[in-house]
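Naming follows writing order (A, B, C, D and E), and every chain is counted from residue 1.
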Amino acid sequence: MLSLWQAIRRVGRVAEPAPAGPAGPAPAAAGELAGSVQVRHVDAGSCNGCEVEIGAAFGPVYDAERYGARLVASPRHADALLVTGVVTRNMAEPLRRTYEAVAEPKAVVAVGDCARNCGVFAGAYGVVGAVADVVPVDAEVVGCPPRPETIVAALRLLTGR
Amino acid sequence: MVAAGLLGAVAGVVAMTGTAWSVALPGLLPLTGLEFDVDPLSGVFLAVGGAVAVAAGIFAVGATRHGLDRPGVQAALPAFIGSLLLVPAAGSIGTLLWCWELMALTSLVLVVAEHRERPAVASAGLWYAVMTHVGFVAIMVGMLVAAGPAEDGSFVAVRAGAADLSPAAASLAFLVCLAGFGSKAGMVPLHPWLPRAHPEAPSHVSALMSAAMVNLGVYGVVRVGIDLLGGGPSWWWVTVLVLGAVSAVYGILQAAVGSDLKRLLGYSTTENMGLVLVAVGACGMFAAGGDRALAGLALTAALLHLMTHAAFKTVLFLSAGSVLHATGSRDLDALGGLRSRMPVTTAAFGVGALSASALPPGAAFVSEWLLLQALIHGLPAPGVVPAVVLPLGVAAIALTAGLAVATFVKAFGIGFLGRPRSGAAAAATESGPAMLAGIGLAALACVALAVGPTVVLPTLADIAGGLVHAAPAVTGTVAIELVGVTGVLSPLLLVAASAVGTASVVGGVRLLARRRDRRRARLWDCGAGPLSARMEYTATSFAEPLQRVFDGVLASEQDVDVSHHRESRYLVAAVSYRRALPDRVERRLYTPLLHAMTTWGRVGRGLATGSVHRYLGYGFVTLCGLLALLVVTR
Amino acid sequence: MTTTLPVAALAFAPIAVPALTAAGCAVAGRRTAGAAGVVCALAMLAAAVGLGARVVGSGPVEVAGLRVDALSAFMLVVIGAVATIVAVATPAHVATEVAAGRLAPRTARRQGVLVHAFLAAMTLAVLAADLGVLWVAVEATTIVTAFLVGQGRTRGSVEAAWKYVVICSTGIALALLGLVLLNHAAAHARPGADGPGLDWAALVAAAPALDPGVTRIAVVLLLLGFGAKAGLAPLHAWLPDAHSQAPAPVSALMSGVLLAVSFSAILRVKVIADAALGAGFARALLLGAALASLTVAASLLLAQRDYKRMLAYSSIEHMGLLALGAGIGGVAATAAVLLHLLGHGLVKSAAFLGAGRVAQLTGTSRIDRVRGLVATQPGLAAAFGLAVLALLGLPPFSLFASELAIVRAGLGDAVGWAVVVALVLVVVIGAAMLRHTGRMLLGPAPDGPGAATAPRRLPGGTALALAGGLVVAAALGVTAGPLTDLITQATQTLSGAP
Amino acid sequence: MTALGVVGGVLQAAVVVGGAPLLLGLMRQVRARLEGRAGPGIGQPWRDLRKLLRKQSITPRGTTEVFRVAPVLLVAMTLVVAVVAPLVTTASAVPAVADLFVVVALLAHATVVIALAGLDSGTAFGGMGASREVTVLALVEPTALVAIFALSVPAGSTSLPAIVGTVLDDPQRLISPTSLLAAVALATVIVAETGRLPVDNPSTHLELTMIHEAMVLEYAGPDLALVELGSAMRLSVYLGLFTSLFVPWGIATTATPLALGVGVAALVVKVGVAGAVLAALEVFLAKLRLFRVPELLAGSFLLALLAVTTAYVLG
Amino acid sequence: MDPAAMSPPAVALLDVAAGALLLTAVLVVWRRDLPTILRIFTAHGIALGALVGVLAWAQRSVELGLVAVGVLAVRGGLLPWLLRRALARVGPARREPRPVVGVAASLLAVAALVMLAFAVAVPVVELGGSAATRAVPVAVAVVLIGLLVLVTRRHTISQLVGFLLVDNGITAAGFLTTAGIGLVVEVGVALDVLLVVLVLQVLAGRIRDTFGEVDLGELRELRDR
């Protein structure tokens, strides 16, 4: 316990200073959410590269939570879906259901190139399409995998902070 | 039936308010004579029994209309109710014993009523019959010993003669009576009949037994210990208190891990009677220690808890009967989702469950609060025994309360909410109006006792005070105010405050929330397709954590059986899991006894070998022995 | 005391009527015999009632070697009541047996003769003024019933008959030796004067002067001897064999009448013993016999396999309870013993008749072969079940009242320990009987062959007898009514008052 | 019912409802800072609530009134406790309800309501959460009642104002073994009842490790807002009760504005400090395995029992 | 008439008769050969008749003399004849099958029983005080020996003999203590005994018919074990 205390004292604040707020049009839902976005992550067929980056985005260094975003377990609690990967056949229906389960107002963020336009998996036999082919997408995050900063920036668009 | 119940209830209420009457019928019951004598204490039990009989009777009308009752049951039920009401009215030992056995006989007929449907009924009937018989013999011996110095068997004479009883005889009488009456009240370790017989009887009979008949066990303890024998030493009551506490904890623990709805309710009866016995024991202990005011308080708590228990147990058993009628099952693991199909039954069961789990504003909360007040204020009493017993008593009650919550959340939540777990539950239909009327009446009583216990409490306090020679311990109209110690509780205000709170929350949400239409959506199934009932938690799985926690006490028997595919040991074809929760007290105490009986029977058969020489030899040897004895003793 | 002719006739009637009926049965047809049996039994009962009223009103009646005191009158009521129940049920039983080919018409006729001879002997035993005549009458019943027990001519019935005769005769022979010694003591009771002989009333009057040493031996022998006939341990072993092998009506009579009459002889002996030796001696013997009987009954009932034997052992149990009550003594317990005799007779005869019907329907007397009787035979099962419950001493049947009174008297006395031991044994017995009976009665109807063929309705006579026995027992348990006075007087008689 | 009680009751309700989300925000912020993160700020829970109130309500098919009513009841019952318990003032708005047993049982009842809602949803997670929550509740209840027993013995009453009054009159009692043991036991009760570490992890995303969260997975929008608010209020009320029982100084005994102001300020400070300490301690703790929780609770039960015994032995 | 005033020769004769009674009873226990046992039993009956005769002579009672003749006829003639007939009917077994208790042990038991009888009968002797009552212990001993035979012998006829020994002993006791117990009773008793023997004889025949043998040890159909 003591060593942990010492570690806390030694490390101090890890989070990097907040960069300037992202520019660009905020999704429609952002106004009503007003600084609080609960996020439910859906892996629609990802290679898990995006997941690593999402983890980093919510880690101490990038600290997405400071902008009012928080990962939750249930789509009922969520305001936004963070969808990664191409939408595979098996995940198309679950993705649709997850989207249905979220209460209005809601937003969908497609994270990574695969989610945006199928990336390298485009045309593969098990792929239904990009996220936008299945559910309406409000924001996109570019990259393969995307950098944590861009993920945080997309979330900040939603929270407006 | 209903009329008899009503008559009993009215007579009881009249007697509770102080109008005593008595009648002697020496011509009846040869050699002994019958004598009835109703005093306020009898009145309480008459009123409770009568009220339960009214509700159960109305329910029975419905059950008969549905063809649930056979002619034998229809004939025995009024007799049972009659004898049930006569027991507290008895004014002499002979009369009490007569009515008691009459009650045993009629209830036995009722318990085995459904013997054709389930083999367990016969076994339950046997347990019930034998233990009742044993209990009766204990009561008979105890009461007759108590009546030793008395001129005759009337309670008046016994009361007068109790002073001449030697302490040893009085203690013997009390302990034996305690065993007898305790077994009727389901006191551990004399309880095994209860969770067997109560579930196997038709439900309105279960209600009568569990809500009215068990009370008479407590009646007996109070009548003999406090009234006839005039109190007695402290250790008697410590015994009562400890046995009560053990019963309460053991009963509710078994109920908490059980999944048979009616058996669970039966064990809950053991628990509640245990609590009442704790209160009675505390009363006796305080009285022996000279603190009459607290004794009165404890006894008041006991009487009130008897009443509330009668009310909610009637609701619960009758609702369980309604469910059983609709689904043919009392296994919680196969129920669920009854809310939409049986709304009235569900609501009634909910009221009963709330009362039973001793949460405010439930009915049992008030009585348990009174009991806790008595125990807490008793701690300053001198002596090591109270210092040890009272905290343990409180702890037992506390543990009981917690487990009761778990039990009834399970019974209500698993049994009535959620989605149906079997086709029978999915196809259930609400019971007929007569059955529902019976349930509803009892539920109303629950609500009334929860909100307005102050209507009956002063009367009960008066009666309790009269028994322990103290002033009434409770007064108040809106709030329950304790006399002699500080303590005040107002269930009415509590309900009002909760109502105001609810209204303000609803108002606040209306005010603050943006108006959006409430959307109906499918259950969140992780996106993986519809949830099936097999994915739901069952009563067994619900209770699994508790069962693990208390495994040291419960000693469950689990059996996991994995069968593999023929091709490979690594491919599992099926996993079967079985869990049995044998009653441990029963296994430790009764199994050896039964074994001994079997051995006795086997060895005893050697007495009749069929040899005429041996038979003659018995006489010859006896004759020679007696003659030799005559020679020696000349 | 002057005795008018009608009263004398009344006193002789209970003996003469069955004797004449016996003779009649020898020549009459089956149907006539059955009706005659009922008439005879009713006449006996009427005579008993008449005598009872007379005795209660104006004291004992003495006619030519007979002496009708309150006890005799009460025992006559017992005999009459049980005989009536049995007589009502007999025709149906015999008819079924004959129809099934188990009973030859000749044997059936002989059964009628013997049963009535048995009844005549029993009434003689009850009415005899002289203990010697009583002995002769009791021994005569052994002879008469021997052939009733052995009637079946199967291995079992012959064996039962042999055991019955040998054990009972031996036992009763001991009683004869006891009588001889008692006579010896009586002859020396008042030197010079004419001895009282074996006249019971005179013996009671002279009892304080009897030589204690000789009387002690005599009492031991008498209690053992009559105890054998009453089914008390240690010479009880004939009882289950005989009761299970005899035809049901005979078992009912033996259990309800024979045991009761033998026990009344014990009661009479006890009066003499108490007067001559003080209360302690007979009490010790009776309590010993009581506890031994109860132990035997409990030991053998626990794992019993035959329901007729179960009822027989229950008779041993009840005889033990009676011995307990007699041992306790005193007014309350003695009155209870008398009431118990009557109640047991009524209920046990009903139980045996019911068991007989069960055996006829199922063809077996084994408990484990009878299943679901309530489902197949509701009326019979209800009667049998109620009879067993009554035997366990449940109200409203009169056995409850009598057992309660016995226990009450005993617990208030120095013999409380014996009562407690007895109660424990009674509880064990109760548990065993409930278990066996429950197995027979409860559960779904068996679906073996032949299960459905049996008619559900009971024959009228059987139903009437079963219901009558149980209803009367229940009524007695609620109120003894006019019998109260008779019991009170009989109790006084047994307390030594003439 | 006194003026002080009524004014205090209204004030307490306001302070608890308004401050409970802030307390939660404070605790999260403390944790965030200790973990090296920046944290969303103390007001974040309020922002969450505001947003949830604007959202749509969802009623899953197959659920009943129980599901609908439960969040309301949760908040209402906690609100009743907030009004009647002595947090800002020693007097109670409704003295006939300000009993320690009533208060604890009412809070337990709120838990039960949510557990029933979890069962009502008919999902595996709802059942699992309810089962676990109720198990913990069943084990916590005895500790709570026995601890109350220990605290009420010196006061001779279970009435909360009386107990607090006794402590104010005789502060030395606070350093008695009874009081200390009871305090530890009650602290454990609070941790377990409010679903904090090490019993439950309030910020977990893994359903299989959840207790409280698993029951409310189906709630959305205003319903969820009420559930969240109710949980926050429970935490504040429990901490408020705890501080009133063991650190009662500053509580208002008269109805003057100054006293009331001091009372409010003292309550805010005390509960804030308690919350911060709790949050700081949580950083050092890992969640216990579910089946190790009973051991913890058994330990606290023993402490409570010892408290009673010492209360008797030491007078 | 004072029974104490019995003449010395009468006393001597009485003692002889009583001695014969006891001796024959013991011999019954000793022997296992059934025809012999029956002969001894006849002697036993004759001894009983003689005993009654001596009493009649001593008391100069004609009535008693007639009774003695009757006793002699029944006990020494009729009953042994019945037994012989029964034995002839039940089959070829002429020897007592292995008894329940061996002969040697039985004889020891007899010794003990005789001593017990003598000890028990002391009060009877003291009460009577006459020469006749002094012989009562012998009668009691005969009863006990009869019981022993009943308990230990397995042949139907042996058991009958045991029963009759008991009965003879009782009869002897009756005559030795007083002058009898009333005529009606006497006749009744005699008739009863006769009938019992007849019944047992019939039953013995049936046992032979149904079981095929006469060993009572085989009568074990009715039992609980």
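Observations on the model:
Just so it is clear, a residue touches a chain if its C-beta (ideal position, glycine included) is under 8 Å from a C-beta of that chain, and two chains touch if they have at least 3 such contacts.
The UniProt protein names, listed by chain, are A = Oxidoreductase; C = Hydrogenase HycQ; D = Formate hydrogenlyase HycD; E = Hydrogenase-4 component E.
All values derive from a computational prediction rather than experimental measurement.
The minimal number of chain-to-chain contact steps leading from subunit A (Oxidoreductase) to subunit E (Hydrogenase-4 component E) is 2.
Of all chains, the one whose mean C-alpha position sits at the greatest distance from that of subunit E (Hydrogenase-4 component E) is A.
Remark: the per-chain Cα centre closest to the mean position of all protein Cα atoms belongs to B. Ranked by separation of Cα centres from subunit C (Hydrogenase HycQ), the top chain is A.
The count of contacting C-beta pairs peaks for the chain pair B-D. Centre-to-centre separation of subunit A (Oxidoreductase) and subunit C (Hydrogenase HycQ), using mean CA positions: 96 Å.
One inter-chain figure worth recording: subunit C (Hydrogenase HycQ) and subunit D (Formate hydrogenlyase HycD) are separated by 77 Å, centre to centre, where each centre is the mean of the chain's CA atoms. Averaged C-alpha coordinates put the centre of subunit A (Oxidoreductase) at 34 Å from the centre of subunit D (Formate hydrogenlyase HycD).
Residues of subunit B in contact with two or more other chains: 516, 519, 521-522, 524-525, 605, 607-608, 612, 616, 623, 627, 630, 634. Of all residues in subunit E (Hydrogenase-4 component E), those touching 2 or more other chains are 120, 122-123, 147, 150, 159, 216, 219, 221-222, 224, listed in ascending order. Residues of subunit A (Oxidoreductase) found to touch two or more other chains are 74, 76, 101, 103-104. By the document's touch criterion, interfaces exist between A-B, A-D, B-C, B-D, B-E, C-E. The residues of subunit D (Formate hydrogenlyase HycD) lying in touch with subunit B in their complex are 53-62, 64, 66, 72-73, 75-77, 79-80, 83-84, 94-97, 99, 101-102, 105-106, 108-109, 112, 115-116, 118-124, 126-128, 130-132, 134-135, 137-146, 149, 152-153, 156-159, 162, 217-218, 221-222, 225-226, 290-291, 294, 301, 305, 308-309, 311-313. Those residues of subunit A (Oxidoreductase) whose C-beta lies close enough to touch subunit D (Formate hydrogenlyase HycD) in the complex are 1, 4-5, 8, 11-15, 18, 32-36, 38, 60, 63, 65-68, 70-74, 76-77, 79, 101-105. Subunit C (Hydrogenase HycQ) contributes residues 65, 130, 132-133, 135-136, 139-140, 142-143, 146-147, 150, 153-156, 158-163, 165-166, 169-170, 173, 176-177, 179-181, 183-185, 187-188, 197-198, 211, 213-214, 216-217, 240-241, 244-245, 300, 303-305, 309 to its touches with subunit E (Hydrogenase-4 component E) in the complex.
Across the complex, subunit A (Oxidoreductase) is touched by residues 32-41, 44, 47-48, 50-51, 54-58, 204-207, 210, 213, 217-221, 224, 283-284 of subunit D (Formate hydrogenlyase HycD).
The touching residues of subunit E (Hydrogenase-4 component E), counted against subunit B in their complex, run 100, 113, 116, 119-120, 122-123, 144, 147-148, 150-152, 154, 159, 216-217, 219-225.
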